[in-house]
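Working notes for the structure below.
Each chain carries a letter (A, B, C, D, E and F) given by its place in the written order, and its residues are counted from 1.
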Amino acid sequence: MLQLAAANLLSPPVLFFVLGFAGSLAGSKLTLPEAVAKTLSLYLMLSIGFKGGVAVAGHGLTGEMFAAIGAGVVLSALLPVAAFALLGLMSPLSRVDRAAVAAHYGSISIVTFVAASETLRSLGVDFDGYMVAIAAIMETPAILVALYLAGSNRPRQEGESLFGEVLLNSSVVVLTGAFVIGAITGEKGMAEISPFIVDPFKGILCLFLLDMGAVAARGIANGSRFLNPGLIVFGAVMPALSASAALAIAWLTGMPAGNAAILMTLAASASYIAVPAAMRLALPEANPAIYLTLSLGITFPINLVIGIPAYLALARWILP
Amino acid sequence: MLQLAAANLLSPPVLFFVLGFAGSLAGSKLTLPEAVAKTLSLYLMLSIGFKGGVAVAGHGLTGEMFAAIGAGVVLSALLPVAAFALLGLMSPLSRVDRAAVAAHYGSISIVTFVAASETLRSLGVDFDGYMVAIAAIMETPAILVALYLAGSNRPRQEGESLFGEVLLNSSVVVLTGAFVIGAITGEKGMAEISPFIVDPFKGILCLFLLDMGAVAARGIANGSRFLNPGLIVFGAVMPALSASAALAIAWLTGMPAGNAAILMTLAASASYIAVPAAMRLALPEANPAIYLTLSLGITFPINLVIGIPAYLALARWILP
Amino acid sequence: MLQLAAANLLSPPVLFFVLGFAGSLAGSKLTLPEAVAKTLSLYLMLSIGFKGGVAVAGHGLTGEMFAAIGAGVVLSALLPVAAFALLGLMSPLSRVDRAAVAAHYGSISIVTFVAASETLRSLGVDFDGYMVAIAAIMETPAILVALYLAGSNRPRQEGESLFGEVLLNSSVVVLTGAFVIGAITGEKGMAEISPFIVDPFKGILCLFLLDMGAVAARGIANGSRFLNPGLIVFGAVMPALSASAALAIAWLTGMPAGNAAILMTLAASASYIAVPAAMRLALPEANPAIYLTLSLGITFPINLVIGIPAYLALARWILP
Amino acid sequence: MKTHPKKEIRIICELPLAGRMRAHLDRAPISGYTLLPVIGGKGSEGAWSREGLVGDAGQMVIFLIILDEAELQAVLADLYAVITNQIGIITIADVEVVRPDRF
Amino acid sequence: MKTHPKKEIRIICELPLAGRMRAHLDRAPISGYTLLPVIGGKGSEGAWSREGLVGDAGQMVIFLIILDEAELQAVLADLYAVITNQIGIITIADVEVVRPDRF
Amino acid sequence: MKTHPKKEIRIICELPLAGRMRAHLDRAPISGYTLLPVIGGKGSEGAWSREGLVGDAGQMVIFLIILDEAELQAVLADLYAVITNQIGIITIADVEVVRPDRF
């Protein structure tokens, strides 16, 4: 496990994240232009969606897959409740702020998923292509749960349009669409575009993580005054709790270790694209500095640097 | 032919176009940032220009090539006249609007050319590298013909500066310049930069077509109220007519089927970069919503999805 | 040597630079969007930094390396003084303007370094990975020397914050950071990300040089009225002088020809990113049109087109 | 050239809110609006910058609306309602236009 | 700090027209101008957005010109002629500047 | 809806100067500021454009500051000192706001 952690820590993606983070704290401007950051993010989703679809292409719909989907849905419905309760214990936040944070932790972070799958790949640990679909599925439900937790009594119509807006968030659509295209075109399609979506993938991930590191550090610098010790502990403890819940479900449903490590990573990760935008619309009274700083500044680095190897080690240890 | 159409329809580039189109109609924002879209477009031109130049490098200037160039020039001079006449029959547009639309259909769309050449390549159908030069040559003449058709009696000087502006449009310059550089550096140059301009090409095309699909759908959503049934039929019929004219010329000049399929695609395609900008300067009274919607929203998708395989099937069927 | 110059002149990167330059002078807009130009520049630094680090990884810190670093530091301290003196002879510039120009010529241009290393690579001439570190080290000292030459008597504190700003300039940080990451991850890291940072490198350089050519031509068009014949001669002569000084030091320290050619290129090149921004802060009275036009419009093209092959030929001729 | 007085509303608002704002503007008695980019800023919740961001949250845009003084109060009240709970700033200024009938 | 009244012309015009506009501004009795980006908008011809576009058509930019009231009419008339057939909007506003001799 | 008069300072300044400007604004008696992009322009030193540039030199940004008239002179003097040697333009205009206490 320690060896795993060291290997992860010394991999190029994590080191570029650290470079962005440390350089930014020191005062250097290491962010990418917004247009490029958005495009790289889109590229990552297109690529993992497509790869997942191709992997699924041969296999058709299996019982295992539906079990895993079920596990994802259950997690993204329950984790916000757990987060909401835990926040109530740990920090004097308003109900609305707690609900907004809970939505982030119930949803998932695609780049954390990407980092985990690269780690697994480079260690030769297999996982199923449909795990990407589960990532897509887990993006949204937590938002609805959180609105309920916030006791939101907004007019129905706005709520519905919000659900549409979230489901149609470009990250969800590209991920799902590329998955379907990958499933349709299969290995033949993969052969045609793999020099773009597979070969440079890890390098592009490095560039993107340089930016993410810089953004995370900037977020901490600007947002830390909205955090308190309780919140910071929450940002570190909640991923462990979520990953444990995912591990339990993985055990119950008999998942292989690779899939389980991915599910744990998804559970442990917190959204930084779709959910923050949705919260600004649905719960505008919630302070964005709190949830953005927690999700991007605390939980993302923890998952990237020590979470992923830990989840994998646990999954391999507990599961057959 | 049906098989060809199905293969085309299920290729990654077309599917990503469909994803962009459908997702955008459903309300998702799938466009790329402008800075990135412009760069991808430049990349495509640089790449196909260079590849065409390298292909030509060994062969020198042949009679066939000049015949093909002649065919291209003739088409781009006559197609606007045909389009102008056809529009007169089909739709109650003003003279100036008709001329502006005619300019678009006499010129060409580079991304349609790119899509066609990828289709041919993946089917193993050969075509000559100099067809890229013909694409470049066909970009501009239609503008002049259309100005004449519009009965434009603007002061000479502005017309000349306009011609300069169009000839110096970055898309024309990069295409031509990269062609010349490819011809100069030949296979040696190609070996050095093919990991950038060849290997990821099809994948980058997918990303670009995702954007084009989204832009096309947005164009239809915003511009459809400026169209009438006659115009929509025009947008579908004109490509067929242009492709037929190109097929006839290809037959007359004894072109091989691959070249003919490309020439037909060029004829059938309508400009969406250089000509719209030129029309805003030269014929400002013409309504841009009409020509942009027709070119990008109707004709481009038709060519991409069913036109290209149809032109190829026809060319193979009619020509030796 | 003539053969070398011809090979360089007919390589894709130089030809794309010429395309950008000539096309821009003719009136075409061939620049890349700023967001993309900045990202490509970052990519080039990340890539060469990483490659340099990997090359160093196996070798540890050697005496040769420290000698080369010493050579770089000495050059970047002395060259500004030489430039300042030479300008005094050749042109009636104000003291502050001379100092600002001197800072640029004492510092280095990364893209010139990149072009030189590509030339060496394609000719099979070896050079050490640590030369990248020397590039990073040579970026900053000239600024301090130039402030001294300008007789700047600004309050201490601003000077210090300036030094921080320059050392933390993202180009310096990414270059150095990627170097360290390359040194840490070594060949293993390289294997993972080389499809992104090595394979497409030369092609991306072509795209970037197209942009640089366009920017250089635009700079000349806008800035030429601030230049006089003496300054233009300076822009052509100073690189030769700097390269000669570097050659002498290389000879004194017993550098191999490849390293020497790189050191000469660094010495001959003039900054266009970090130093101009620093000069706007530190010496605002200096006219930016002068130093930007000289550095980007005169010296960069000269180095790229004839300097690099000349430095290499000289280094091979003089050194063992 | 005779010029005519109009009012200009400028709204700096969060990007995630832009869709709602557009919906309200579509129903307002105005001839159109223009959207401008913002690259950063500082307010009660600290400094922010568009650089490096992937999502819409934490970014802002500007809506510029030129309209007749007669419509100002109604439009203002409607738009104000949209951003009242959100991060955002509304300013109103006097401008002159050449073709008054276009607004 | 004493401030001095000037006029500010703001022209929102189509991007393909920018070259012509620049040519006219180069001949105008002004000290300079500033170009601002626009990301979208809505007018009589519907909504538009810069996102995803490759060509110049369908995009707009803003020219900002600060000038002396004495020159306003002449400059305005000249620039108005450029965009009269095109899509675009001109507004004039009052501003104060610190160094009046610079404009 | 009642509106209240405020002042708006707009500073077009060089990008390398933005850090210093921010530092001064952080100490100023204002509620915040907004940064806008500029894509090009022309001044006494010729035309420039952001396109294609890699470094910060040769680029500009706009700082927009809404503030109370009472603070105008002090803030103006402080900011003017920052750009006095540099390339840049300051203008002041009148605006109305809805929530006067926020500025």
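Here, a residue touches a chain if its C-beta (ideal position, glycine included) is under 8 Å from a C-beta of that chain, and two chains touch if they have at least 3 such contacts.
The shown structure was predicted, so the numbers you read here are calculated from the model rather than taken from an experiment.
*Asks:* Where each step is a move between two chains that touch, what is the least number of such steps from subunit B to subunit E?
*Replies:* 1
*Asks:* So which chains are sitting against subunit C and subunit F at once?
*Replies:* none
*Asks:* Can you tell me which chain lies farthest from subunit D, using the average of the Cα atoms as each chain's centre?
*Replies:* C
*Asks:* Look at all chain centres (mean of CA atoms) and spot the one farthest from the centre of subunit A.
*Replies:* Most remote chain from subunit A, centroid-wise, comes out as E.
*Asks:* Using mean CA coordinates as chain centres, what's the subunit A-subunit F distance in Å?
*Replies:* That gives a centre separation of 38 Å.
*Asks:* Indicate the whole-number Å distance between the mean C-alpha point of subunit D and the mean C-alpha point of subunit E.
*Replies:* Measuring from centre to centre gives 19 Å for this pair.
*Asks:* Can you give the whole-Å distance between the Cα centres of subunit A and subunit D?
*Replies:* That pair's centroid distance is 34 Å.
*Asks:* Would you please write down the residue numbers of subunit A that are in contact with two or more other chains?
*Replies:* In subunit A, 29, 32-36, 38, 165, 199-200 touch at least two other chains.
*Asks:* Can you list the residues of subunit D that touch 2 or more other chains?
*Replies:* 36-37, 47, 49, 93-94
*Asks:* Determine which chains touch and list them pairwise.
*Replies:* According to the stated criterion, the contacting chain pairs are A-B, A-C, A-D, B-C, B-E, C-F, D-E, D-F, E-F.
*Asks:* Within their complex, state which residues of subunit C touch subunit F.
*Replies:* 29, 31-34, 37-38, 41, 165, 211-212, 214-215, 218, 222-223, 225-226, 272-274, 276-281, 284-285, 287-289, 292
*Asks:* Show me the residue ranges of subunit A that touch subunit C in the complex, using the header's touch definition.
*Replies:* Touching subunit C: residues 10-12, 15-16, 19, 23, 26-30, 32-36, 122, 199-204, 206-207, 210 of subunit A.
*Asks:* Taking the complex as given, what residues does subunit F use to touch subunit D?
*Replies:* Contacts found on subunit F: 1, 3, 6, 8, 22, 25-26, 31-37, 61, 66, 93-98, 102.
*Asks:* Give the list of subunit B residues in touch with subunit C in this complex.
*Replies:* Interface residues on subunit B, with respect to subunit C: 33-36, 38-39, 42-43, 46, 50, 164-165, 168-170, 173-174, 177-178, 181, 184-185, 189, 192-197, 199-200.
*Asks:* Which stretch or stretches of subunit E touch subunit B in the complex?
*Replies:* It is residues 14-17, 19-20, 45-59, 85-87 of subunit E that touch subunit B.
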